[in-house]
Amino acid sequence: MSILNADFWIGVGVIAGIYGIFALGLQLNVGLTGLLNLGQAGFMCIGAYAMGMLVVDAGWPILATLPVAIAAAVLAGVLVGLPSLRLRSDYFAIATIAFAEIVRYVLQNAAFAGGNQGIIGYDAEWRDFAAWASDRLAAIGLGEQMQLPLLFSIWLVFALCVAVLRWLRRTPWGRVLTAIREDEDAAAALGKNVLAFKLQSLAIAAALAAIAGFFLALNVTYLYPGEFDPTFTFFGYAVLILGGFASYGGVVLGTIVLWTLIEGLRFLDLPLSSGEVGSLRFVLVGLTLVVLSMARPQGLLGRRAEMQLRQ
Amino acid sequence: MIEEASAPPSPRWHSRLPPAAWLALVIIAALALLAGVKGPVEAGQATINGLVDAGYVALGAVGLTLIFGILRIINFAHGDFLTLGAYVALMIAASGLPIWLAAALAILVTAAVAAALDKLVWEPMRRMQTSTLQLLLAAIGIALVLRYTIQFFAGSQVRSFGQDILSAVNLGPWHLGTLQLVALLAGIALIVAVGLGLRFTAVGKQMRALSDNMALAEVTGIDTRGAIRLTWIVAGALAAIAGILYAAAVGTINPNFGSLILLSLFTAAVLGGIGNAYGALLGGIVIGLAQEWSTLFLNARWKPAVGFAILILTLLVLPRGIFGRVPART
Amino acid sequence: MTHSAGSPAPPILVVEDVHKSFGGVRAVAGASFALQRGAITALIGPNGAGKTTLFDLITGFAAPDAGAIRFEGKPIEGLPPHSVTRRGLVRTFQLTRVFAAMTVLDNMMLAGRGQPGEGLLQLIARRTAGQRVEGEVRERALAALHRFDLDGKAGDYAGTLSGGQRKLLELARALMTDPTLVLLDEPMAGVNRVLGSRLLDDVEELRRTAGMTFLFVEHDMDIVMRRADHVIVMAEGAVIAEGSPDAIRADPRVIDAYLGQARSRT
Amino acid sequence: MLRRLMMGTLFATGISLAAVSTAPADPINLTIGKLLELTGPLSETGPSQDKAIKLAIDYANKAAAAAGVDIKAADVGADVQGDPQAALSAARALVAKGASCLIGPSITPESIAIANGLTIQKKITIWPVGTSMRLRTIKDEGTIFRTVPPDSLQALALVAGIIDKLGTASGKLVSIAYRNEPYGEGLAKDFKAAWEAKGGKTQGPVVFDPNQATFDSEAGEIVANNPDAYVIIDYPDTFAKLGASLVRTGKFDATKLFVPDALAFSTVPGNIPAQAIEGARGTRGGTPTDTDAYKVFDKLWETAGGAEHFSLDANSFDSTTLCMLAAVAGKSADPAAIQEHVRAVTTPGAPKFYLTTLSDAFKAVAGGEKIDYVGVAGAFEFAANGDPTISRFDIFEYRAGKLAVLKQIDAAK
């Protein structure tokens, strides 16, 4: 059964994990703060490029670049948020998408980051590590699957992020975010600096996007601007809404379900041309999204009661 | 509606001159300046190109802004309605019918699909009082279904209406494509018609009432279901017209084209002020002119980035877009 | 006219010639008054008189086009809402605004001031202090809920409360911010009489025991006359009269304003 | 039904012939993976790549059967979506379905993701159609073969082609424009350097976004200053739009236009306006003899119906054929065996075989001979890095909507 191929599903797990970390940031913004951030791909792009440039141009060790990549994305989050968070939510959404597109076009057209040719060759250290790890895994019979070290790393970080975010949610800090989501004016009237909390929320989401970008870069081994188009953000939203509003567990489930669906459909064997199967695959993905959004409006793990209360 | 007021207070001039007049003044001043710096021929040609851009974008943006303004749905499927209109027209025209008839039928079909989707998806979701986000997911899903159903039947290769896209109208040293001119004029005419319809017809007033307050409109006895259905039909028809004009005048399309220009449509709609038909036109003009004027100074590769930068800068000054109201309160 | 009361203590809040327009509509046009410390003042006026806008201007939800607002002697016009609240001036809303998908207890605890746990760095750096404060805030919140007879609802979503209970919760929540001046926007609207008068009893008691000052908007003249020490009347964005309830009752301008309102309504 | 019968007969004849002529070898059941752009930004290229690979498999299967060589190839396809992550996943799906070599993908980031993430380890050959030199910055351990000429060589060919027309480069102004993608950017950069090294002048480059609605400002800039030639690096779908805008400027002269291989078609697609391309010249990897092979390929293409010609479909066709020949040479569908024997079927100096003599080629290869197979798009004597060493390019001109080869040049000189 070719559909049971381990390499293939490890690869799907890698993608699901990357989108999962990416969507955690969206969940923090949308599900817990009420910020419709459509610029997440832009933050991811900044994080990934910061890593790539520091390794290739400045010769940094790859792990040392991660904090800087996160810091760069956080800084971008603050710079974008300061003016745009004063806008009404729908205008904010469009402003963030505009920001993300500007990031992409600048990287494509300015000379400093390789333009269309992008950045390559930053992953040597990672490959050494992966080879070393593969040797260890070989001892338990898992040496053939070269992407396993990446899969483990991504899901370890993913789990860690989920744990931290779940803890944060139960702190007074998380309580303020929830209150802002529910009614930001009432929160302001109770002495909460709404803008500051929104900025923090956006900055943390940007940090998560940067981490996702770091792993994305390791997975594709080549960074170029086209990788970071808004489609990435839209699929991030699909993960989020599918899994359930305001639920971090939902993000985990949502990303597994969505990517199992999208990638699993590659094994759809029908007596049709490649082009027709290619189209049908996304027709089915689309239908699933529509049907799920109607049949389970709160998402897989969302709470219906909470959703209704918010109306 | 405290939230409405938390936006920074509008500058004083805002209340004295209508924003459209200000915009016209700014554009004329900028054009004069450009003509002085770069010469009237180049500046004029860039301006014409910008208006052509605006024409394409504005008509698509009207439907988007109606749906968003009235129903609060960020309709990510709108671009694919443009594609649907264009492809249905292509398929009907391929069967030998004259192009105008094919176009008319395609507009009907697209409007019918929009109405059917309202019945099948949006109305049930409205009844369940689904959140904006869930509507967003449904819209993403519908976008995928439409785009790839079209691709399933028509294939992904490029298609063309085969209209004469070479003929040009020459106005002194300036020129623009004949079909581009047709698309531009048709776009402006339709937008004005929509604007007048919203203002003066009974249904138009109902739609505006819905946009202000859905619950209140319902209580006051407006047939909300009918008005909503009609909104979808109008949006679908406008999208089809936009798609057909675009496909005919640009010359070459593939099933992605609608989704690829969706962001430009959003930019124009938001820049003009969500929910305002004329805003979509003005937003389109601002983006179009800014992008084409930018080519006088920058490499054309920066055009898309210029459009988004203009959007952000405008929102910083006018947080509700050009026509966005800062509502009066009691 | 604002200082005609001639009380020896300086007023807690002074509003001076404040103006505000929205897109050409003059919502507040030259309003001036002062609030006496420890008093319960009613703000009345026909619909559209600018009362809620005035609340917004005082609490930072809108910035005045012109004029000055001083709280405890310091200017506060144009400050953001959270800064105003932190100085001890808190408000409620005409349409109650509870955090529907949060529990009643969380609604209360949110409002507690000075919580180290609300800062990302302090969450780690001042972990123990944060936990201690969290405990204290919880105690205070539960006590306040008990006082307002809401302790049975502490674990419920606030969105499940009745209209009257929401009003109580909003007041209780506002008090969690340790205010010295409380602005209540139509606290009685949608509340049954028994509950409403409970609420006002509480207000009076808080004034007596904690020395708090209250300004409230109310349409029910009976309640205004019985509960307020002082009444301010607004019409068309300006203060047209103020004084004791009895003086206001007899003021022809007030009657005029209300009759005009009544005429336009029919 | 009839066709199947005929195939069956052919096949049976092949088996009986094989039984007679050579010792019975294990039959080779080869699965060829198609990495196709079916959705996403490049989806217009998918159908023609798909068709090219299928035609190649069909044709080669028949040729092998006719030669009595016991190989049967089948195809599996997957969508790379214009996205490296998806491309990697697509490649894994194809390998899971048994693919031994992978034809495609279209863009270099996809190729690199697939190579690093999968095929290098599994010694599976991939045959991308991207031309970026970036591909050669990774250690592919001999698994990546390209039948498309890399940018650096083609830039030299373009220079030679223009000099051929203008007589000299010295002092001549060339207006450069490209679609904002790695392909155009790389080629334009190399061309500019080469042209200026010959004493020529350039203006631009005008860089255009393929998704915009109007190209009029760009067209105006391209024709500004009445240059001696234009070099426009583009794909057919965008050029259909840009071409119309160029004509509308009223200043455009198609006979001054030079295009690279992505705009080389035996027949110009119908949606490209004739005035935009008639009389234009271009370069593409050349064949050392007459282009009989191209005529056969073109005929196959027309007979099959379906997708129109798109850029580089001949290259995908050739890659598929080479993969099958290599499998026969290696006597196995094992990926590593194929990889080891690619050079055995493209050996410089060995007897040459063409599409028209593919059957003979199979026979020779099955007999253990080394051959030099020359494809539709040219000869592929692979350099050490797996790129074609061919420096021979066609200079062609569009006449009445058809491609006519004017001459051949050696770009390396």
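A few remarks follow.
Going in written order, the chains are labelled A, B, C and D, and every chain counts its residues from 1.
Throughout what follows, contacts are C-beta pairs under 8 Å (C-beta built on N, C-alpha and C of every residue); 3 or more make two chains touch, one makes a residue touch a chain.
Please read these numbers as outputs of a predicted model, since none were measured by experiment.
Ranked by number of C-beta pairs in contact, the top chain pair is A-B. Taking the mean of all protein Cα atoms as the centre, the chain whose own Cα mean lies nearest is A.
Among the other chains, the CA centroid farthest from that of subunit D is the one of C.
The geometric centre of subunit B is 44 Å away from that of subunit C, both derived from CA atoms.
Centre-to-centre separation between subunit A and subunit B, using Cα means, comes to 30 Å.
Work out the mean CA point of subunit A and of subunit D, and you get 36 Å between them. Mean C-alpha positions place subunit C and subunit D at a centre distance of 75 Å. Annotation for subunit A: residues touching 2 or more other chains are 108-109, 185, 275, 278-279, 281-282, 310. Looking at subunit C, one finds that residues 61, 93 touch two or more other chains. Counting partners per residue, subunit B has 2, 6, 148, 151, 155-156, 299, 301, 304 as the residues that reach two or more other chains. Interface residues of subunit D facing subunit A in the complex, by the touch rule stated above, are 34, 36, 38-39, 41, 46-47, 50, 77-79, 82-85, 88-90, 92-93, 95-98, 108-109, 112-113, 116-118, 121, 132, 134, 137-138, 180-182, 184-186, 207.
The residues of subunit A lying in touch with subunit C in their complex are 168, 171-173, 175-176, 178-179, 182-183, 185-195, 200, 305-306, 309-310.
Remark: subunit C residues 59-61, 80-82, 85-86, 90-93, 97-102, 106-107, 109-111, 113, 115, 117-120, 123, 130, 134, 157, 159-160, 173-174, 176-177 touch subunit A in the complex.
Contacts from subunit B toward subunit A in the complex involve residues 2-3, 6-8, 68, 74, 76, 121, 124-125, 128-131, 133-138, 140-149, 151-152, 155-156, 263, 266-267, 270, 274, 299, 301-302, 304-305, 308-309, 311-312, 315-316, 319-321.
Across the interface of their complex, subunit D is touched by residues 2-3, 5, 7-8, 11-12, 15, 18, 108-109, 115-118, 120-121, 123, 127, 146-147, 216, 219-222, 224, 226-227, 229, 263, 266-267, 273-275, 277-279, 281-282 of subunit A.
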